[in-house]
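There are two complexes below, and they share subunit A, which is joined by subunit B in the first and by subunit C in the second.
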Partner chain A sequence: MNAEEKDLQINPVVPENVVHNTKTITDIRSLTSSIFGIAAGILGLESYSGFIFYLLGSFIVSVMMVVFIAGGKPQNYFRSASEIWTTEVFSGSSLSSFILTWTLFFGLLRA
Partner chain B sequence: MATVQAQTILRDPQLFYWILFPITAVMVLTGVLRHYATVLMQSDPKKQELNAISEQRNLLRGVNLRTNHNQIPLSSFIARKNYLVAAYNRGDFLKDPENKGKPPANPMTDPAGMDQMMNMLKGNMAMMVPQTLIMGWINAFFSGFVIMKLPFPLTLRFKSMLQSGVATRDLDVRWVSSLSWYFLNLFGLRSIFTFILGNENSADQMSQQMQQMNPAGGNAMFTPGQDPNKMFLAEAENLEVVGGQHEWVLDGVVDRLLKSTV
Partner chain C sequence: MASKALISLSTLLLIHSCYSAHEHSLLTPASTSNALPLDIVIETILSVLLLCLGIVLGNKEELKPISWSVWSGMLEREKGCGQFGYLEERVGFLDIRVKRAEFAKWVKGAEEGSS
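Right, the complex of A and B next:
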């Protein structure tokens, strides 16, 4: 048994908790990304500025999650420190729901 | 040389009320319907016979002992292992011990296997039927004109797909017909369903398709058609192998504890 395995045995990872933590992030991301889409559509952002808006918004949400939900210590809740920053940002349903609401509100208000 | 002007198309606002909102509403409602249909169609797990459960649980017990063997002292592990391996090799836990050497029964005739297959079929139906219907509906009623402009540019490659039925050569790819709004809904509504139906919903088509691509879920233990006796023998062998690498996790715990507190 090498050192890494031994460490995992001493500090075991409970899969249910990992799932729950990821679910918390996913819920927040899907809610906020739809709202960002609405905002971007109302602002009339196009192409790159819209995606930059999304990235900035996700970053702010990540900061808020680190501060308010993880209490400043994301390493207590996630195995890798980057997880809280990147989960669901570039893939998954959040980006597509951002595009959906963005397109909808852009179409309704601008185009 | 004049600068390239952005194309603008004047569209009737009625397009939004009669196309955009109906499609969205239909997509959302189909998702909700699919969720409840899946919930209703799920047949309860059948009550199993006592010896079938005993077979499964005793195999699981071996698996659990193997995965958690480091949590107990070596002597306890050896005692459990010896008992389980002996019982496995004798075939004590088999559902029908007289069937030991025979080839497994045909899964099609096994009622438990049939049940599983019916469930899979139901899930497939619940997914395929609405998808085909909505696609046909949109193609029949709403093709042939553009309804909206995307807020981001796309390459020309998408033109034939997104502007289906609009045979205009110079139209910007950003103008799209209703079929692309359908696709956007298909991908983007997943998080909306999360608000409406909660996290464990089965409304989304995309996630279901992904689940079907890797069915390596937890319940693959007793796939019909597998010989339980062989599984028991394999598990006995695994236990023997693991026994050689046993290392109790509480070894040296005193040192670790003192080191962490001081």
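Right, the complex of A and C next:
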């Protein structure tokens, strides 16, 4: 039994709550990333600056989630403390929905 | 409630900035530099920040602690029944003779009442 398993035996976690918390974060990420796409399209950002805008916005949303939702203690709600910062930023549908709304609004406003 | 007001206000701002950017791109000739005016940029960024804040605040109080001990303690304090409540509140032994006597009395009483 390695150290991680032993830690799980001593402090067991509730799997339903882990799933629920991850789902909450995923919902917020997918909503906000499409809004960032709208903003990037309105601002007319191109190539790298758009992705930098996305990264910056995701970082701000992460800070908001840590402060307002997790109450400054994300380790109480997630298996690893970095999860609230990285979940769904690059994986999943958030980045693609950002690009979708970015290109859509860029095309609508600039074409 | 505050988050809903924030979301509606910032959505209006975002729609307005989108419309302004559209008008700006229509009215400036393509040959000149078509950088957005500063006020539209500020309005867009402000509305997006407020919208994110509203979304985050709308999902407040939704996370649940993953540690079993913390979660059970919370349930017992708030609902009076933890995760193992079904084990803690079980009936003891039934006195089956008393129950039978009660049932027999009830049946007799029902027959007498009907007849």
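The working rule: the second predicted complex is superposed on the first by the 106 of 111 C-alpha atoms of A that agree within 3 Å, B and C clash if a C-alpha of one lies under 4 Å from a C-alpha of the other, contacts with A are read in each partner's own complex, and residues count from 1 in each chain.
The rule we apply is simple: a residue touches a chain if its C-beta (ideal position, glycine included) is under 8 Å from a C-beta of that chain, and two chains touch if they have at least 3 such contacts.
What you see is a predicted model, and the numbers here were worked out from it, not measured in a lab.
The superposed arrangement places subunit B and subunit C next to each other on subunit A without a clash.
Look at A:31: by the touch rule set out above, it reaches both subunit B and subunit C. By the document's definition of touching, of the two partners only subunit C reaches A:70; subunit B does not.
Once the two complexes are overlaid on the shared chain, A:100 sits against subunit B while remaining clear of subunit C.
In the superposition on chain A, A:10 makes contact with subunit B only, not with subunit C. In the superposition on chain A, contact is made by A:51 with subunit B only, not with subunit C. Looking at the shared chain after the overlay, A:39 reaches subunit C, while subunit B stays out of its contact range. With the two structures brought together on chain A, the opening angle seen from the C-alpha centre of subunit A toward subunit B and subunit C is 80°, to the nearest 10. When the two structures are aligned on the shared chain, A:108 is found in touch with subunit B and with subunit C.
Figure legend note: subunit B and subunit C, brought together by superposition on chain A, show a least Cα distance of 10 Å. Residues common to the contacts of subunit A with subunit B and with subunit C across the two structures: 27, 31, 108, 110.
Partner subunit A is touched in their complex by these residues of subunit B: 16, 20, 24, 70-71, 147-153, 181, 184-185, 187-192, 194-195, 199, 245, 247, 249, 256. Of all residues in subunit A, those touching subunit C in their complex are 11-14, 17-18, 20-21, 24, 27-28, 31-32, 35-36, 38-39, 42-44, 57, 60-61, 64-65, 68-70, 76-79, 105, 108-110. Every residue of subunit C that touches subunit A in the complex is listed here, in rising order: 14, 17-18, 21-22, 25, 36, 40-41, 44-45, 47-49, 51-53, 55-57, 59-60, 62-71. Taken together, the subunit A residues at the contact with subunit B in this complex read 1, 6, 9-10, 23, 26-27, 29-31, 33-34, 40-41, 45-47, 50-51, 93-94, 96-104, 106-108, 110-111.
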